[in-house]
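In the part that follows, the structures are each spelled out as structure tokens.
You will see subunit A twice below: alongside subunit B first, and alongside subunit C after that.
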Partner chain A sequence: MSSGEVNGEVNGERILDIRNLKLWYKVYKGYARVLNDVTLSVSRGEKVGLVGETGCGKTTTAKSILGIIPEHQYVVPEGEIYYKGKDILRMNAKELGQVRSGEISMIYQEPAAALNPVFTVGQQMMDVARYSSQGAGKNRKRHREMVLDAIRDVFIPDPERIFHFYPNQLSGGMKQRICIAMAIMTRRDLMIADEPGTALDVTIQAQVHKILNELVNRRHMALIMITHSLGVARELTDSIYVMYAGTVVESAPSAEIFRRPAHPYTIGLLAAAPRLSGGGIQSGIYGSIPDYGSPPPGCRFEPRCSRAGARCKAEAPSPREAEPGHQAACFNM
Partner chain B sequence: MNLRVFVFKRLLSSVVVLLGLSVVIFGIARILPGDPARLALGSTATQNALDLFRTENHLDQPLPVQYAYWIGGVLRGDFGTSTSTKRAVAQDVAEFLPATLEMASFSAVFLIVFSITVGALAANWRDTLVDGLMRVMSYIGIAIPGFVIATLLLLLFGYVWPVIPVLGRLSHGITPPPGITGFYTVDSLLTGRLGTFWDAFLHLLIPAVALCMGGLCQEARLVRSAMIENRGKDYLAAMKGYGTPGRVITGKYLLKPSLIPAVSCMGMDIASLMSNAFLIEVIFGWPGISRYGMTAMLSKDLNVISGVILIFGAIFVGINIVVDVAVAYLDPRIRLGGAA
Partner chain C sequence: MQTDPAAILRIKNLKLYFPIGRKHGEPQYVKAVDDVSLDIAKGEIVGLVGESGSGKSTLAYAVAGMFQPTGGSILYEGRELGKKRGLDIKKSIQIVFQDPGSSLNPQHTIQQILELPLKIHQPQMTKQDRERRVKELLNMVELPDSYRFKSPASIGGGEKQMAAIARALATDPRLIILDEPTSALDVSIQAKIINMLLKLQQQNHLTYLFITHDLSLMRNIAGRVAILYLGKLDEVAPAEDFFRHPRHPYTQMLISSIPVISDEEEALKPARAESQGEIPSPVNLPPGCGFHQRCRQATGRCRSEDPVMRPVGEGHDVRCHLFDDGAGA
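This part shows the complex of A and B:
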């Protein structure tokens, strides 16, 4: 973007900077504070993992970056989302349109739900091409080439045939690939991948990750990889943010998280991961994610935490440095 | 994928349906109380005349033979003679059917266009005054029977505020256009008589509105609720995220899947427009086939009853095929057999 504003662009490398993002969903009784101070940054070409259990706000964070949570479902969020120095939450419709069509792209969590069942793959992708910044001003023939190239890029043989298929004629793996093809059709600077391949079996999932990783590398895109699996995050990312109940509880370079986890929740997650050597399935973390309508007043992890003390009940911890480049939000680390 | 195979299958099954219908109609017409010969010739007819009438019309033969005579004629386009108008049923139908078809077609177009428009507008401005007004209006439209709406409209435009004509197909002093299709609006346009077209159009307006009001309100509600239900779908958020403009998302990616429930319901309503036309035709003095058919029932005019019902049946089946094709076009999951 050509904006002269440099607010938030700390070292010139950083393209996305989310600060203290808060967001409420409208629920049956009032409002649920689903995002509670999410702070996250991504540098150019960096691969970032966003890890946490289901319902902790990973997808909501991703969708608020693009501003695509349906209006009737949420309250205008608080905080800042700087993209290349400009706050997305305060952009006008035109600027936001430019970000969506030319800057940030997203692969959606559930490929079956992200594809419109009553339009062919080709019809949908043609519109994605047409309204992308690189498709503007081009004719239908050129759009079609963009679409077919993208389908080829995710290793689907015979793109001309797939072009005329409806989503329900495709297998789960194919749908996932089409979703990736849609997202990578034009080169953008940031890709958000929301649990790609989660709905698929392990081999297909590995394939999908490989395709995605190669495409992102080849195009020098930054990546936010949302996953509930620390293993996937370790394999694909440079740094990891661990989320719990709408808050980032720990962030560090990926290897660091595994070498020396600081937050009790991360430690619990790591302990819960099944290992091939070392005796079967591990103990999980006791309890479940709190009710967002009335979360615990202090630390949101306190009711499930083995280290919790009196202070944790009363006060929410802010992130602090465990060691350089490694932050965690806990009083007792 | 292949729409042509789909249509062919539906056509084939509809032939079976119509054959079955013809048997049922024939049977019912024969078991209605009353002697057709007596009703046709009057109470003063002699026994000889009655016997002659029965022989001429094969009424003295067993029922299967009567059916064979009848269906053979129907297949050649001969529905027999009306005992009350003394003319060929086919000739009567040719005269009365276009009037009803014109009103029903006009009504159908009105139903489709306005139910979608109104539903989409209400969904777009949901929970505002516009939406509230439309919802209240639609409840009223569904709750009040068509003939009451017709009577109210007749009172309004025929007496209180006579800006639109409400009786018959044309004003006095205007000669009908030459019969090409039998639709006055179409015929007058084809022969370039714009004045006649406008007059015929105005005469169509109120009966057509009264006829489709219930269906229109119902389908507008279906369009509205489907659009509201679908607006939170991931595929719309996804398209939005790729930079597709809002008007394309609403007008294309939201509208098409949201039309499916309404279109199935529209099909049934449009198919029943013909039979619901009877009271409307009586109220607005519309010289249509429903009125003709109903008169025949009262005088046990067998050939007319069978002919009219069979024609209604054929039209109903025909419209159903059109609707099935429309739904299959809108929803590929149906024509592809739903396999995931």
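This part shows the complex of A and C:
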């Protein structure tokens, strides 16, 4: 189907549409049923936060959008990922390459691991310019200009000097800026940022987030911000999807999630977060995420939920509207 | 700085320098901790906050006896801690590390891990007594008895950290150093561990030196907060005052950088304190204040002269030239 058929959003055309995605990893004892009904959509220029704790499937979702999980490691029993109306899961290698080199870019959590230690920053960035579909042939001078412009865009003074640096000569914050520069060097419509500030100190994290936010706004890109911190999502995004154990449990405009959280997991997560205004920390959420090998048959949050009833054990809730534009997958709202 | 007669731990002008070879014939040092003085009163929770590389863990390890100070002294209950520590001192100062995955021996069961400090510090204990004590310790940290027979690899990250806390409690310590005990864990687990730590502190009249980089967390547990930057203390204050009226430009930058989840918290962030610059390398520090390159209010004096700690309020000390005339601006 074409993207034009989807109901119009404020920011216009919907560019990414994940529908009921299930993704299972192949493990020695069968399948780890990680993603369980992920439904998510991103419109042009929209900033979306994907929030959840360790092991909830945030990164798996991001990887599945780019199709970078090795094929022998997983199966997709159900669901579609429409990018501009075409299903990424059914694209051939050439089309997929097109999407990766010209449409979607990604920033990883650990900048030190994302950069190659044996090439200079300039060499690595020149590669991106050359292989991206917008590199315009073999014009080295043009590529170099693109690279220097990109480095300047992330507020690094003296790009000519940084061009000849190896990654280990840069601090963590600088490395992450270089990764951002690589991601924005050529025109992209969607940027996926996987915890870009988590490995950095809080003052440096604030700088990186600011740069990212400015660039995404200026270039009118769509952003998927993956983070475990509700605070980061609140600062950077328009809408938030809260994930728990491979399921999107709640989705709403960012302000709504904080004003009126609907799902017990979101409520627990907000209560457990320490506040700068003090007042102590309320109780956390007891227990841990389920074993993906044999997840609970009903709601995946049921074993840790204080509101759970008999129905939650037997049946998985599907997202329901708590308010207009605010959905939560829970029977007991 | 005022001295507190009730201090259980008194750190005086502590210096920890690490040699890193020579340059032009001159020996080079990383000054991980440089001239730090801090008193901790009995029953208090002192939060030590700093970014990576600020020297907070080095300071903690020096208190725990894992590093020998280059200069200065550490006094525990009035006794100076020398090169060799007696068993009684080791018994009363315990430490909990950041990563429970690597601080618990993977080849031992929880029972063996919790028994080891008992065997060393209470050799007269019988096997039955030890077993009873291990159960008691597990109860304290709200783990079921059956966990005695589990190995660290078979339990979750939060539970591992609880076992590590139980191990620290085994010797009935009076001072526990907590080196980022929850930074490797998710917030839902963190809340549980922090509440348990606070309960244990009340019940057993413990004193905590709590190290973290998370200021929001610090706000909710510490009575007093100390900020470390490049091995030096920049600001020490009671928690309430610290967050309501942060004085040091670095503290203001830190607080304004924290992502928060409510408007109420947003209002606490100092305006015009946006983060800029990066923490410089601790080798060959520039002269003057270590923060002057990132500071919006730096003057010529900050570039040449290192400020000293000065009181600006009740128990509130700041090391910044802005407060040299004693005015609490």
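The rule is short, and it goes like this: the second predicted complex is superposed on the first by the 308 of 333 C-alpha atoms of A that agree within 3 Å, B and C clash if a C-alpha of one lies under 4 Å from a C-alpha of the other, contacts with A are read in each partner's own complex, and residues count from 1 in each chain.
The rule is short, and it goes like this: contacts are C-beta pairs under 8 Å (C-beta built on N, C-alpha and C of every residue); 3 or more make two chains touch, one makes a residue touch a chain.
Small disclaimer: the values here were computed from a predicted structure and weren't measured.
Colleague: Where does A:G284 make contact in the superposed view: on subunit B (first), on subunit C (second), on both, or on neither?
Modeller: second
Colleague: Which partner does A:V42 contact after superposing on A: first (subunit B), second (subunit C), both, neither?
Modeller: A:V42 sits against neither subunit B nor subunit C.
Colleague: Given the touch rule stated above, what does A:A272 touch, subunit B (first), subunit C (second), both, or neither?
Modeller: second
Colleague: First (subunit B), second (subunit C), both or neither: which does A:M182 touch?
Modeller: Only subunit B is touched by A:M182; subunit C is not.
Colleague: Does subunit B (first) or subunit C (second) touch A:N116, or do both, or does neither?
Modeller: first
Colleague: Using the superposition on chain A described above, determine whether A:H228 touches subunit B (first), subunit C (second), both, or neither.
Modeller: After superposition on chain A, A:H228 lies in contact with subunit C alone.
Colleague: In the overlay, answer first, second, both or neither for which of subunit B and subunit C A:G97 touches.
Modeller: Only subunit B; A:G97 stays clear of subunit C.
Colleague: Shared contact residues on subunit A for subunit B and subunit C?
Modeller: In the superposed arrangement, which is not itself an observed complex, subunit A uses no residue for both subunit B and subunit C.
Colleague: Which residues of subunit A touch subunit C once you look at their complex with the stated criterion?
Modeller: Interface residues on the subunit A side: 53-54, 171, 173-174, 201-207, 209-210, 228-232, 234-235, 258, 268-286, 288.
Colleague: Where on subunit B is subunit A touching in the complex?
Modeller: Checking each residue of subunit B against subunit A gives 231-245, 248, 252-253, 256-257, 260, 330-333, 336, 338-340.
Colleague: Give the list of subunit C residues in touch with subunit A in this complex.
Modeller: 51-52, 156, 158, 186-192, 194-195, 213-217, 219-221, 239-240, 243, 253-262, 264-265, 268-269, 274-276, 278-279
Colleague: Over in the complex, which subunit A residues touch subunit B? Could you list them?
Modeller: 63, 66, 68-70, 72-73, 97-98, 100-102, 105-106, 108-110, 113-120, 124, 127-128, 131-133, 166, 168-169, 179, 182-183
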